[in-house]
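So the structure is just underneath, and the comments pick up after that.
Each chain carries a letter (A, B and C) given by its place in the written order, and its residues are counted from 1.
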Amino acid sequence: MNSHPFPLAVECCDASVSYNGKPVLEKISVGIPEKNVTGVIGPSGSGKSTLLRTFCRMNDRVPGFWVQGQVRVGGDEIYADDVDVYQLRRKVGMVFQTPCVFPTSIFENAIFGLKRLFPHLKKEFSTKGEQALREAGLWEEVKDRLHKPAVTLSLGQQQRLAIARSLAIDPEILLMDEPTSALDPKSSQAVEELILALKTRHTIVLVTHNLAQARRVADRLIFLREGKIWEAGTTEELFNSPAMPETRAYLAGHGDFA
Amino acid sequence: MAFISLATVVMLFAFLVQQSLSVIAAEKWNFLFGLDWWAGETYGALPMIYGSLMVTGLALILVLPLALGGAVFTSEYLPARYRLWIKGLMELFAGVPGIIYGLLGVALLGGWVKNTFGLIDGNTLLTAALLLGIMVLPTIMTLAEDALHAVPGQYRDTAFSLGLMKWQVVLSAVIPKALPGIAGAVFLGLGRAMGETIAVMLVIGGLDKIPDPWFNVFASGQSIPSKLGREAAEAIGTDLQWSALMALGLTLFLMVMILTFMGNFFLKRAQ
Amino acid sequence: MNRNAVIEKVVWGFLCCLMALSLAILVFVLAAVIAKGLPAIDWEFLSQVSRNFGAAGGILYQTLGTLILMAGAVLVSLPVALGAALLQTEYLRSERIKKTLRHLIYSLNGVPTILFGLAGYMIFGVYLEAGVSWLTGTLILAVMILPTLQVSIQEAIEALPEKYRDAGTALGLTPWEMVRSVILPQSIFGIVTGVLLGLARAAGETAAIMFTATTFSGILLPQTWTDPVPTLQTHILILAQEALSPQAIANAWGAGLVLLTLVFVLILAAHYFRGRIPMESER
């Protein structure tokens, strides 16, 4: 299972996560290859979001949060003592379930992180902002109203703006936690197309409930259940010949092929 | 019966208007802009309006860093269980009666201001402002904290996920989102400060004059509520003096209502 | 990386200092009242009437006077607040009307209390001929604390899970039976909270009663409807203005500590009862 033909962007060895002593993830060992879309699927409460948040240490702020084992990003252990967690999060971007825009203009949102992390690059803000918006496929839609409040955008556009905001600081890895579950089908499709376009340059980890989406977008899948990885492999393998009966049952029973 | 609150506000307003008609007829604009108030002769309210604005504004300047710093610290940095303690404490302190602050001002703060700044009289605009600042500190802090605490966690998550440091997250993601609520808190606190009678009355000096120069906060002054508190008892039964006090009351009512409505407006927008 | 950690620490330290300073100031207020007030308080102080215009003797009548005004205000205000809250939550279902009314209630809470004193004196004291009396003071305070009571009661009633109302409706209860047997018993903690906060607000109020309910020489308990009443608040006010007499100031601190204790106990009790209101999230 650990013999990937690709270099690994993220790698877990026996990683366990608990909140206040309550285990959420147990002995996770998995590798996520570079420049690929890796889907994380599984029933609600199986620890999908926690796994994702573990990759960029988003749960550091949660009291009682505890990680054991190894989690490596780009070959470096991220839970070591001397890790700069802020540098890590610049390298590993994250997009959340509900689009979250800040109460400012569209353009200011796009360069929100850039402006604060690299204030000395002030001259490049406008080109980098445009580049990020283009990469997120939003430029044509917003180029004439860059200085309008971001809340005037539709939810789907807001989500792509959130992705642009992450892209602006040029992360290697992009974590997406059910990025389309709050969107209408058309906006979802735009985000899915965007994900496929992004994988040429970025490693993407996508948590999704929507199995049809996982099938369309993901190259590899991780099936998580009750805090454990039951099966991981290419999308083909999992859908066509799942090794575990639980995987088979989940893929059959929860077939949300909308 | 549900409209009792509305009826009370409207009745109070109508009452104040009706009672102040005769002084408005007698003084016209001189009431608002006149500099002298001699009972029985002339009624100019400007020194009192000035005093109210001055002590309220000064109190705001003094209290804002403390209240907002405390609010941000409580909401963003303090562990949850300490937070509840602070909130409870602030609620308790917000209930301290004005007369207690008045006593404190008379017995301690006035003397302290007098000695610290080498004044002849410790009853000054600054003393009143200091007292008001302390008085509204818990109210502003707890309301501003509510506004910060109400910012959804996803705004913090999103900013953190970009690699921002904690102080950047607070400054650029949380505070802007909470700004309407914070503004509401400040306006409501200001309204409360402007309407406070007893504490101010005891330490402001009771001098119906605009100091020279006007920004001399070490001079004695007079605010509208303290003027009302000082003179109402003796003016009862008189004609024009009572009417003049009612017109002062009307002015105060309008100023405080503006602040309160602004406060409510911002708090509503924050939701 | 080191720089980050330094900035983080500096910001934390700065905010922590502001918080600590705020707390220090407020705790100083409390400590001053306790330190200055405690020496003045003994059994005689609490149980005797004041002599020599308050410079000697105790505060028995003043304490009773404050309690009379508080209790009177709540007795008058509670039925009105309860009725208004029920009307608003049970009969006025429109969100917009409710919002406007709530807005107004908060605004009423913002009205400077001295204006209640002035208008209340003219209305209750002069037109209704109650004069400078405990009755006038009670009525003024009743109007003043109305919003406090109504908001607390209303919030408790609105927090009632819908299932209780559904169950009541399914049983065919009339609106009045519903209120009596379902709504009121379930929102009792909200009512208690409102009453306690209203009492605290009334106890802390001076401006509205200083020339409407008390006269400066009135140190006896009222015998008729239209007698003035001494109160702790106005007692402190009078003594505080005699800043040159050490004994008067000492007694003012004593009375201040008694008043502050009364208010704090009421607020703490309100806090306790509010914690027992069943909230929507516990459905």
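In the analysis below, contacts are C-beta pairs under 8 Å (C-beta built on N, C-alpha and C of every residue); 3 or more make two chains touch, one makes a residue touch a chain.
Only a predicted model underlies this, so the values are computations on that prediction, with no experimental measurement involved.
The chain occupying the central position, as judged from C-alpha centroids, is B. Across the assembly, the chain pair joined by the most C-beta contact pairs is B-C.
Mean C-alpha position of chain B lies 19 Å from that of chain C. Averaged C-alpha coordinates put the centre of chain A at 49 Å from the centre of chain B. The centroid of the Cα atoms in chain A and the matching centroid in chain C are 53 Å apart. Multi-chain contact residues of chain B (touching two or more other chains) are listed as 165. Residue numbers of chain C whose C-beta contacts span two or more other chains: 4. The set of chain A residues touching two or more other chains comprises 86-87. Of all residues in chain B, those touching chain C in their complex are 1-6, 8-9, 11-12, 15-16, 19, 65-70, 72-74, 77-78, 86, 88-89, 91-93, 95-104, 106-108, 134, 137-138, 141, 165-167, 170, 188, 191-192, 194-198, 202, 225, 228-229, 232-233, 236, 245-246, 249, 252-253, 256-257, 259-261, 263-264, 268. Taken together, the chain C residues at the contact with chain B in this complex read 4, 7-8, 11-12, 14-19, 21-23, 25-26, 29-30, 32-33, 36, 80, 83-84, 87-88, 92, 99, 101, 103-108, 110-119, 121-123, 143, 146-147, 150, 200-201, 203-207, 210-211, 233, 236-237, 240-241, 243, 249, 252-253, 256, 259-260, 263-264, 267-268, 271.
Residues 79-80, 152, 154-165, 168, 172-173, 176-177, 179 of chain B are the ones that touch chain A when the two sit in their complex. Here chain A touches chain B in the complex through residues 56, 58, 61, 63, 86-91, 93-96, 98, 100, 102-104, 112-113, 116-117, 162, 165-166, 169, 175, going by the rule given at the top.
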